[in-house]
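Which chain is which? They are A, B, C and D, in the order written, and residues in each are numbered from 1.
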Amino acid sequence: MPARIGVVTFPGTLDDQQALRAAAAVGAEPVKLWHRDKNLHQVDAVVLPGGFSYGDYLRAGAIARFSPVMDPIIDAARDGLPVLGICNGFQVLCEAHLLEGAMIRNGDLHFINRDVKLRIENNRTVWTSDYEAGAEAVIPIKNMDGRFVADERTLDALEAEGRVLARYTANPNGAARDIAGISNAAGNVVGLMPHPEYAIDDLTGPYPGPGTDGLPFFTSILKSLVSA
Amino acid sequence: MARVLVDVMLKPEILDPQGQAVQRALPRMGFDSVTNVRQGKRFELELEDADPATLKATAAAMAEKLLANTVIEDFEVTVLTAGGAPADTAENA
Amino acid sequence: MSTGTSSEHSEHVFDTTDVFQDTAASFDTVAKAEASPDVKQPFRELGMTEDEYLRVREILGRRPSSSELAMYSVMWSEHCSYKSSKVHLRQFGEKAPKTAALLVGPGENAGVVDVGEGLAVTFKVESHNHPSYVEPYQGAATGVGGIVRDILTMGARPIGVMDPLRFGPADAPDTARVLPGVVAGVGGYGNCLGVPNIGGEIVFDPCYLGNPLVNALCVGVMRADEIKLAKAPGPGNQVILFGARTGGDGIGGASVLASATFDEDGPAKRPSVQVGDPFMEKVLIECCLEIFAADLVVGIQDLGAAGLTCSTTELAAAGTGGMDVRLDLAPLRDSTLTPEEVLMSESQERMMAVVEPAKVEAFLAVCEKWDVTATALGEVTDSGRLRMWWHGELIVDVPPRTLAHEGPVYNRPFARPQWQDALQADAPTPERLTRPANAEQLRATLLRLVGSPNLADKSWALEQYDHRVQGNTVLGHGEDSGLVRLDAARPGTSLGVALATDGNGRFAKLDPYSGAQLALAEAYRNVAATGAKPLAVTDCLNFGSPEDPDVMWQFAEACRGLADACLELGTPVTGGNVSFYNQTGETNIHPTPVVGVLGVIDDVDRRTRSAFEREGEILLLLGDTRDEFGGSEWAHEVHSHLGGLPPRVDLAREKVLGEVLIAGSRDGMLSAAHDLSDGGLAQAVVESCLRGGHGARLVLPETDAEGAPLDPFVALFSESAGRAVVAVPRSEELRFTDMCVARGLPVARVGVVDGTALEVQGQFTVPLDELRAAHTAPFRKLFGHSVVDA
Amino acid sequence: MARVLVDVMLKPEILDPQGQAVQRALPRMGFDSVTNVRQGKRFELELEDADPATLKATAAAMAEKLLANTVIEDFEVTVLTAGGAPADTAENA
């Protein structure tokens, strides 16, 4: 039986369908999770997808963080369930304090939709094991509040513990220390502002390619689940 | 150095989706006494020019021109003394 | 179009009700209308003529109640009734080419075309010009919200938006106020909806300084058997209002807007601004699609211009003919609203559905799932009357057709302007406008044009739009047309649709008839260039005051030209929008017919990009080049000149060119294709080089269509229509040129993809880096400082 | 019916792109006396529960839990009397 990857839909979530598509593309069984669900339907991993949950009103992810489905996710994440928060999902994970720091408005105050180059700094997580250490990947960003911030102590700790998952090679929004993604200490919870699920085929992926640099996020988790 | 506050709120008749989202969220978190929420912006300005008289006018001009969108928003200027205690207030409404 | 009114007008509505303070209810009722025939009513302030008012009295056999007056005034406004444009728009139906693809024609919320595989696509372009001048961010945002609801109402999932925009001079202070707000508003709303922005235009001209154009197009897809219509059949069926609460937004907007004009110090009648709630609309989209999938409605209508008035009258008129409504049940944001205001409110993000009693429970359950407020206001009847009650009193009792379909129709006087001949006589001849005389000057002209606001790279704006969301965007910004896969309605399909919009106001000013045809031809060419077969058309006709015979002539000519061209190209107009009174003081904008063309491609993998991607490939120029600079970008940018005639229109040629581009894509002969339009061959080649990151060596054609010598300036910058530049692998060159020759399409080898510079042989060379700097710098320089923080 | 203000500002050590953009824009508009701008949020809450004592605590709890992200933001609660004159203030900093 294939690994079950759950994708949560909050009101205002936009990238759930694409996350489900990416999960299916690597041979996992995509499972829809609804924000009102009180259990996780035996999924083996969870993706909190991008979008504007609750319009991103108040703060990105601030209201979604209190959805019923977040209680079982927070508990399971503390027990090691693999969780990937993409864009708005990353913001939800920060609001839920599963990850440190916070996201604020981009440097130029604009929404930015651009294909950016990332350097994968930590390939020891269940979500990045299929990347070579230091590998570069072209992956789209599309966000308004994508600028990662945290106090210096936290940033130093993230660096020291090797928990900076990915950095921008050209910082698009002023993110602290070029950080595009981080993981928790255990490495099962990962937050990433760019959208790997939109870099899974050459037809719709970044142009001019490569269009598939996002796939390893999904092949990585699949392998770790199957071998687990 | 002088400090001035400019508080910008949507005019009462203008729809406030942000405030409404907060208003709908609070009861779900057990705060059911809330009957209305409006969300606005607050600007803390530091200026070199310290003369309170011109200060308020200057800040009001900034609000008119940039800080507030007076087509849909009202603003309120509060001049703080260096200590930060409220001093004098000007409204545009 | 939804927008507001001055307090002045709502006050007048109060006046009439105040007349009845002494009596039981403080509001006007049908009974009072019968009892007090002689009360003076503020029809003029509501934008009605005396004749129109008298006609209402005649229809009702009494004076209207103030609620009925409000309804007639708004439904008979220019904006809702098309009273000045109807007689000309008829041609789109009368001359429409017969095509089986057309499932729903003009008249519904949007036209629908059959694209095969049992799928149907609906699309439409609309204007939100005046509100966007008053409050750029919210005006543009609610413009997107409105057109998306139109598409949703047809039963379709919105899968793409486009935003054709027109502004005053790029360096004008007011453009610095309007443009960043409009762009942020288009993005802010569309991005939050999760509908990809797949194209549009940003064009600058002084004529739009006091009256920018903000048009918005949306395209949606559904199964062909799932089309929904705005009708209310079946007595006893429930009428349900759902979505946002009703507030005092844009009261009387549509009718007042239709008579609003601007002078230097802003709008004469400043609308009360509406704030959109894109989150509410996103939830509404998912809620409606779930309702459609479960087949829970027999009719549905969005609330746009004229809000509840329009939705109730149109649903009733198109259904069994009658409807009873308890207006006071409508959930209000502001409890002080009068019934007249509730009827005219244009609060955003609202829908009205007609639901069989047995399905109401299921309907409400879906709404609850999405936290959408839904309220049953009344039911369908066969009385032939639309009746409304307010706290128990009958306030409206009218035959709905008289509001929806039997409004006034005007045959406004029109005449060819006296100045038209002089304008056309002032041709951009070498004697009239100095042309670059040597290689150095040609090189300078090229760099000037690629960096001119109209031709410069627009990434600063386009990056603010999400073009990837939904994961089906095959071609997005920077391509000749946006192209989306129809996966949303049929998972796994390779079927796609392409969309392009165009509309050159300068051409239309010189000759409205051919100007409209050139707009269609260019959009048609843009669609074909990506490999899609053009199927159908939508149009947004942005014009000045219909009360000005000059403008009315421009409008009549543009409609005639567009209808004739649609017939010849076999692409029917499926729907659109008319925006009049686009003027600053007495000065009308250029007539600006914005035309959107929709095309279909069976296999999206076959699409053609515009980038030169491979060294050594052959560049071919398709079509004829003439000395045509009337209304050209060169004349505009370099000489601020507008005169002469626009490029010659040859629709037969456009058709052949389209066939060749489509066949070339289908048979895998083409590596790249880019249409030639503003800026001519030079601009097209520069765009394709920069996009692909490869240079080119150009050998300019030396003779024109008639075999007359062609000088380098004309070859580079002329804007002759019916042309495209393509890149083909050497292995395909012969097969492709043979095909062109066989079809009688002129084809000339004009160079090869090569190196890191653009070299025009015998003339000049420009490194790509220098071109890129000139092309990409202007927008950031012009607008990079703006602070839009919504 | 009671009215409460909650003002939320980014902590001083967190940089503020919105405030900075405003600060950069003001001199271009001729306001060169401004030396620093911080932008925050203001919430106007209406509650049924009118007892000032519990009011402030309730509002502070709302701010702590939802209105502010205390990882990067400080908040300040001001209880207004029905008239709207400032009454009593609580800070979290």
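Everything below uses one rule, namely that a residue touches a chain if its C-beta (ideal position, glycine included) is under 8 Å from a C-beta of that chain, and two chains touch if they have at least 3 such contacts.
These numbers come from a predicted model, not from an experiment.
Trainee: Quick check: more C-beta contact pairs at C-D or at B-C?
Mentor: Answer to which pair has more contacts is B-C.
Trainee: Rounded to the nearest whole Å, what is the centre-to-centre distance of chain C and chain D, using the mean of the C-alpha atoms as each centre?
Mentor: 42
Trainee: Rounded to the nearest whole Å, what is the centre-to-centre distance of chain A and chain C, using the mean of the C-alpha atoms as each centre?
Mentor: 36
Trainee: Where in chain C do residues touch two or more other chains at once?
Mentor: Those would be 277, 279-280, 371, 787, 789.
Trainee: Enumerate the residues of chain B that touch no fewer than two other chains.
Mentor: 17, 21-22, 25, 29, 39, 66
Trainee: For chain A, what residues touch not just one other chain but two or more?
Mentor: In chain A, 54-55, 57-58, 63, 66, 105, 108-109 touch at least two other chains.
Trainee: Given which chains touch which, is the overall layout a line, a ring, a star, complete, or other?
Mentor: Complete.
Trainee: Residue numbers of chain D touching chain C in their complex, please.
Mentor: 18, 21-22, 24-25, 28, 39
Trainee: Would you tell me which residues of chain B are touching chain C in their complex?
Mentor: Residues 10, 13-17, 20-21, 24, 66, 69, 71-72.
Trainee: Show which residues of chain C lie in contact with chain B when the two form their complex.
Mentor: Contacts found on chain C: 134-135, 138, 244, 247-249, 272-277, 279-280, 333-334, 347-348, 371, 787.
Trainee: State the interface residues of chain C toward chain A in the complex, per the touch definition above.
Mentor: Per the stated touch rule, the residues are 184, 187-188, 191-194, 277-280, 282-283, 370-371, 463-474, 485, 604-605, 609, 611, 613, 692-693, 784, 787-789.
Trainee: Show me the residue ranges of chain D that touch chain B in the complex, using the header's touch definition.
Mentor: Going through chain D, the ones touching chain B are 1, 7-9, 19, 22, 25-26, 29, 31, 33-49, 58, 61-62, 65-67, 86.
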